[in-house]
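Next come two complexes, and both contain chain A; in the first it sits with chain B, in the second with chain C.
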Partner chain A sequence: MTSTVSTQLVRYTRARDTVGRTLLYIAIIAVTLVTIFPIYWMLVSTLQPNSYTLHYPPPFFPQEIRFAQFGELFAGHPVANWLKNSFLIALMSMLLCTALTVVGAYTLSSLRWRGRSAFGLFLLVTQMLPEVLVLIPLYIMYSRLDLLNQLPTLSVVDAAFALPICIWILKGVFDSVPPEVLDAALVDGCSELSTAWRIVLPLSTPGLVAVAVVAFFAGWNEYLYASILLGSTELMPASVGLTTLKGLSGVQVEQYMAAGMVFSILPVVFYLSMQRYIISGLTAGAVKG
Partner chain B sequence: MARRGWWRFASRVVPFTMRDGMGAAAARGPLFMTKSGPISRMKQRRTHFLPYLLALPIILYETIFLVSPIAQGIYGSFTNIQLASNRPTIWVGLANYARMFADAEFWSSLRVTATFTVLVIVVALGAGLLTALLFNRPFRFRPLARALLMIPWAFPEVPVTMIFIWILNPQFGVVNVLARMIPGVTDNPQWLQVPELAMAWVVLIASWKAFPFYSLVILAALQSVSQELYDAAKVDGANTLQLFQNITLPGIATTLELLVVLASIFSFKQFSIVFLMTGGGPVGATETIVMRIYNAAFRFYDYSYAAAMGVAGFLISLTIAIIFITVQARRAREFA
Partner chain C sequence: MSEISKKKITRRKLLQVSAMGAAGAALAACAPAAAPTSAPAATAAPAAAATAVPTAPAVNTGAKQTVRYLSWWFEEGNRGKTWLSLIKEFNDSQKDIEVKAEQIPFDPYTTKTIVGAQAGKLDGDIIMATPELAPRLIRSNLLYPLDSVISTNKITDLSSAHDAMRKDGKLYGLDMVTVAFGILYNSKRYADAKITPAKTPDEWIAVSKALTDRSKQQYGFFMNHLVSEAADFWFQLEEWCMPYGGVWAKGKTPLLTSDPIIKGLKLFKQMYDAAIPQGTDGPTGARLFQTGAVAQGLFVSAAVGSFKPGAPDLYPLLRSAPIPWASNTSIARIHPMMISAQSPVKDAALQFMTWVYKPDTYRRMVEGCEDVIFAQPSAARKEYLDNLAWLKPGYDGVKYITPVDVVGDFVYNFQELGQIVITNFSSVLTAGKSVEEAMATAQKQAEELASRIT
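And now, the complex of A and B:
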């Protein structure tokens, strides 16, 4: 008697579990599909000849795949030059920001000094300022000093905005170096700076890579400052260039979308691989993703 | 352990937090502060100027490019800035502010900012919480699904707006196909020309881009909620809703609180998506304060007035930053 009851109970629980799991999978698939649909649509619009996309209603699945639009895009528009400018801005911003980040994270993580918390707060607040507020006075200052239309003067600003989050990222990484290791180095006669240089820094390589990624793509992705501080078309980076494509006649949809894909592929790959660090930096170390 | 670094920092900001958690921090022992051990004390004395020397270039750098422009902006808001000519700037006192307080469009942009911010917080955090709860359960292909979910967050803003401008194209946009499935919709709506629709889309796009980040942070919080609590409650016969209300929600409450503040900072700052999707239009329906400042300065070359509104924006973001710091410190105290 008792055994049948428990068998029934087991059967009932199992059935409920199966229903629950099915619902869970349906929900997960639905959420994932909705989330990536815009990206999927960009891909479809890139790869499919526009005779299909410029048709209502457009087909949901690509009917034909071609790759010639990438060549047409680079041949018809100065995309290569835009990407080169973006790369230069991002590279300068990365070098400057990474160098300063190592120093800043070290002072914030390893050294004890009065004013350390004030320094941390200062960085936190600068990270939260809207870019527009800084833009107007900076634009006035740059135009008076004749610093507009130069790639380096743009990348130093990009680096200034990326610096706080980069310091937070690397500080978290430095914090996680076991103190025993540092003690051992000190006992062996290492000075603080050489401990930092020879032990903390090599142990923090992934964090350094994350910082470099954030600083690089801060410059690569940045739109607002680039659109205001660089006026000449010669110096136009890709983020600004892409927005001009829409207004040009003769730009086909698939070229427009292809340009977006070419621009996004690097940041997406690098951000996804470094997401854990970036999230810890964005929350000022409160969360390790 | 993960929160230790922040805790050390927060405890200086809010000295009260220092008292009860002292042992926890001392357990690992900040290397250069260890009270025992003659080596550390000696080292500390020898290098006490070093931190200042190292922090100085960073403070200078941030001051030149972020702080001094803000200060100049505050000064400029009291003057009449003449950019093109060499005429000297004229001190106009509070004239720009008087104009700002009398300007209906300024108040309207504050309302738009509040609406936008609140909606993004609700939508993005709601979606983040929902997906985090779903993805907290074990299932096959979870790493793949999580990676796919993070893609919008990793996408740069400019291409995101390109995608959505295309998706929302009134003639060929794919969203029309979906909209026409709703009974009663027979025409393709002018998605970005109707004020309410434009606002809804700007909110949706900003939330779509932001929610994976919130989702991941909430997921991390969910995984730190003790499984034993769930087991105990299940033995006591709690149902799923009760489990959520009494264990999950309190367990992630501080994280949610932190994210609400963080989300309000991010959406208050939001510029590129709004600018490239609507430019603040139609008729100012999506003109947030940040957009309004930009338009005043770079469309109407009204720098002084833009500077005055910039001061208002600065005060608001400073307020949110202070709330963030307070919440952070309290959260850190709870985890210490």
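And now, the complex of A and C:
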């Protein structure tokens, strides 16, 4: 009797697990499909001539594949220049933000000073406000300083907006460095600064990479301030420039889809190459013990 | 961190390191600043203009003065070519002044200019404006008066649309293109279907329906209708108060539940159901019109010329239909050129503008852009207008009113009103809500908006 009940319980548990796992997989597949479909559709619309895309209902799989639209896109529009601008803005933003993040995170993690916790919270609060709130004050400031229409100006803004979250990421990483290691370095003759430089930063490489990536993406994707603080087509980053293609009558569907592909692929490649560091960097300090 | 470390580092030391780090990063950030000037030759002029701004030479230095002319239209087919050609002609004739064209796409341009007005400093020396932007800029007291342009050129027939460009008796904007809404159609599609243009709203729906066969990818009509393209949707929906003689607002009073507005929107819904490729975005709709899949659309006169280079096969087939409502009234939109009062080179800018508004230069500009409404009627040449096959009857002999006439004081909050209308109206198009119900909600929201208009 006991054995039968036990067997039934095991079967019930297995069946429940199987059903649960199946439902989980279905949910995962559904979410994945919903997430991936727009990207797939962008790819299909990029690769096939627009006569197929404009047909209703459009074919689900590409009916004909051509790559000439990429050449037409780059030949007919300053996309290469926009991508270059995006890269420069993102790079400057990344360098500035990473440098300031190191100082900020070290200050919050290592130094004891009155108001430290409140300041840390205040940094987070700035992330809760919509960026547009400071648009006009920033515009006034930059126009009075004659700093409008310059790429470094925008990179400073982008770095400033990414800074709070980057500081919190790196603070977690700095917190996880064992104090014994630092004490040992000091005992061995390191100064405070060389301890930070020689010990803390090398041990925090994944965190630094994560911060750099976050700052890079913030600069790469930013739209609002780029559209206001930079004016002419020549200075635009790709995030703004590509949206203008949609309004030009001569631009075909497959061309602006190709533009979207190019704009998306570059950061994806960058992210994949850094993925190992990013995950360990973002999770560093999450578990202590 | 260890107790030892806490004792050894000081705030002063940290500040020193911070300052050094920040300075180093700032230097690194500034290093590629010259990048925009190393742009491809074809677009080098705007880049040079952008980098030259802060160091624009003062009037009395004897050096060449750079005038930054900001607009969204330097890449617009005929219009862009014509303006760039005129700018070159002016520059070639000048020793001391160089006008630089700076292309800014339309949406960022509008937002940037509004932000500049709110911030109290406009970017650029010469600024183009839309009918909705112009009143905001004039009210902001940031513009330089242009009366001397009129007196120097002895212009006596300036269009009455300029009355809205005056403040305290001074003129602050001069029209460079007035665009009017009309119904443009592909005459081959009409001929194939053996139909003639409509003369009433009901006939218009019937004609559009007859031109539609969804199974064959044939559509009778297209206009923007997606909330994701809010500005374009509202830009065109604005005209739909016309069929039954309505207005969206009078002064600060929204009239979204008035009978003419409700009937106009119901007419649009009929058109949407009968003839529009539903869900199609603007560029795709324009492409469908170019390929002949869409037979007709609501187009502003300034857009017709762009089909000549963009769709050379379609252009000869284009004709305009008569305005299919009894009032024969449509909306005309004035686009004035203005000068920033804070510009360090405003006299040079004024000189350029005076040259552009000379009757001969002005006529060449309008004809080059293939526009049809002259702010100086005496500058129009009959031969030029007679050669435009698409001009009559849809864009000629029509009574015109301005956006201010149809949205009242909401002209200062034009996009906000539009957002309210289209957000609610889209629930009629896609969620089966009645027009009356949707507009009742919109009316309440517009009344709240009215309370915020100053």
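The definition used in the following text is that the second predicted complex is superposed on the first by the 240 of 289 C-alpha atoms of A that agree within 3 Å, B and C clash if a C-alpha of one lies under 4 Å from a C-alpha of the other, contacts with A are read in each partner's own complex, and residues count from 1 in each chain.
The working rule: a residue touches a chain if its C-beta (ideal position, glycine included) is under 8 Å from a C-beta of that chain, and two chains touch if they have at least 3 such contacts.
For clarity, every value in this text was computed on a predicted model and none was experimentally measured.
Participant: Based on the superposition on chain A, does the combination of chain B and chain C result in a clash or a fit?
Facilitator: clash
Participant: After lining up the shared chain so the two structures overlap, which partner does A:Y25 touch, if you call chain B first and chain C second: first, second, both or neither?
Facilitator: Once the two structures are laid over each other on A, A:Y25 reaches chain B alone.
Participant: Touch check for A:G115: first (chain B), second (chain C), both, or neither?
Facilitator: first
Participant: Quick check on the superposed pair: does A:L123 touch chain B, chain C, both, or neither? Answer first, second, both or neither.
Facilitator: In the superposition, A:L123 touches chain B alone.
Participant: So, does A:P78 touch the first partner chain B, the second partner chain C, both, or neither?
Facilitator: In the superposition, A:P78 touches chain C alone.
Participant: In the superposed model, does chain B or chain C contact more residues of chain A?
Facilitator: B
Participant: Have a look at where A:L182 lands relative to chain B and chain C in the superposition and call it first, second, both or neither.
Facilitator: After superposition on chain A, A:L182 lies in contact with both partners, chain B and chain C.
Participant: Pick one for A:L151: touches chain B only (first), chain C only (second), both, or neither.
Facilitator: Once the two structures are laid over each other on A, A:L151 reaches chain C alone.
Participant: Return first, second, both or neither, reflecting whether A:H55 touches chain B, chain C, both chains, or no partner chain.
Facilitator: In the superposed model, A:H55 contacts both chain B and chain C.
Participant: Classify the contacts of A:L9 with the two partner chains as first (chain B alone), second (chain C alone), both, or neither.
Facilitator: neither
Participant: Tell me the contact category for A:L133 with respect to chain B and chain C: first, second, both or neither.
Facilitator: First partner only.
Participant: Taking the options 206-214, 260-268, 278-286 or 332-340, which segment of chain C carries the C-alpha atoms that clash with chain B in the overlay?
Facilitator: Among 206-214, 260-268, 278-286 or 332-340, the clash with chain B belongs to 278-286.
Participant: Need the overlap of the two footprints on chain A, from chain B and from chain C, as residue ranges.
Facilitator: 54-56, 100, 103, 106-107, 109-113, 135-136, 139-140, 143, 156, 179, 182-183, 186, 191-193, 228, 243, 246, 253, 256
Participant: Would you pull the chain A residues touching chain C in the complex into a rising list?
Facilitator: On the chain A side, the touching residues are 50, 54-56, 78, 81, 84-85, 88, 91-93, 95-96, 99-100, 102-103, 106-107, 109-113, 135-136, 139-140, 143-144, 146-152, 155-156, 159, 179-180, 182-183, 186, 191-193, 195, 227-228, 231-235, 240, 243-244, 246-253, 256.
Participant: Taking the touch rule as given, give the residues of chain A at its contact with chain B in the complex, in rising order.
Facilitator: Residues in contact with chain B: 21, 24-25, 27-28, 31-32, 35-36, 38-39, 41-42, 45, 53-58, 60, 100, 103-104, 106-113, 115-117, 119-126, 128-141, 143, 156-157, 160-161, 163-164, 167, 171-172, 175, 179, 182-183, 186-187, 191-193, 217, 220-221, 223-224, 228, 239, 242-243, 246, 253, 256-257, 259-261, 263-264, 267-268, 271-272, 275, 279, 282-289.
Participant: Under the definition above, what is the set of chain B residues touching chain A in their complex?
Facilitator: Residues in contact with chain A: 2-6, 9, 12-13, 28-33, 39-40, 43-44, 47-48, 50-52, 54-55, 57-59, 61-62, 64-70, 72-73, 76, 81, 83, 130-131, 134-135, 137, 139, 145, 147-167, 171-172, 174, 176-177, 208, 212-213, 216-217, 220-221, 255, 258, 262, 265, 268-269, 271-272, 275-276, 290, 293-294, 297-298, 303, 306-307, 310, 313-314, 317-318, 320-321, 324-325, 328, 331-332.
Participant: Could you list, by residue number, the parts of chain C that touch chain A in their complex?
Facilitator: So the residues of chain C touching chain A come out as 1-2, 4-6, 8-9, 11, 13-14, 17-18, 21-22, 24-26, 28-30, 32-33, 35-36, 39-40, 43-44, 46-47, 49-51, 53-54, 70, 75, 77, 102-108, 111-112, 115-116, 118-121, 123-124, 214, 217, 277, 281-284, 286-288, 290-291, 293, 306, 310.
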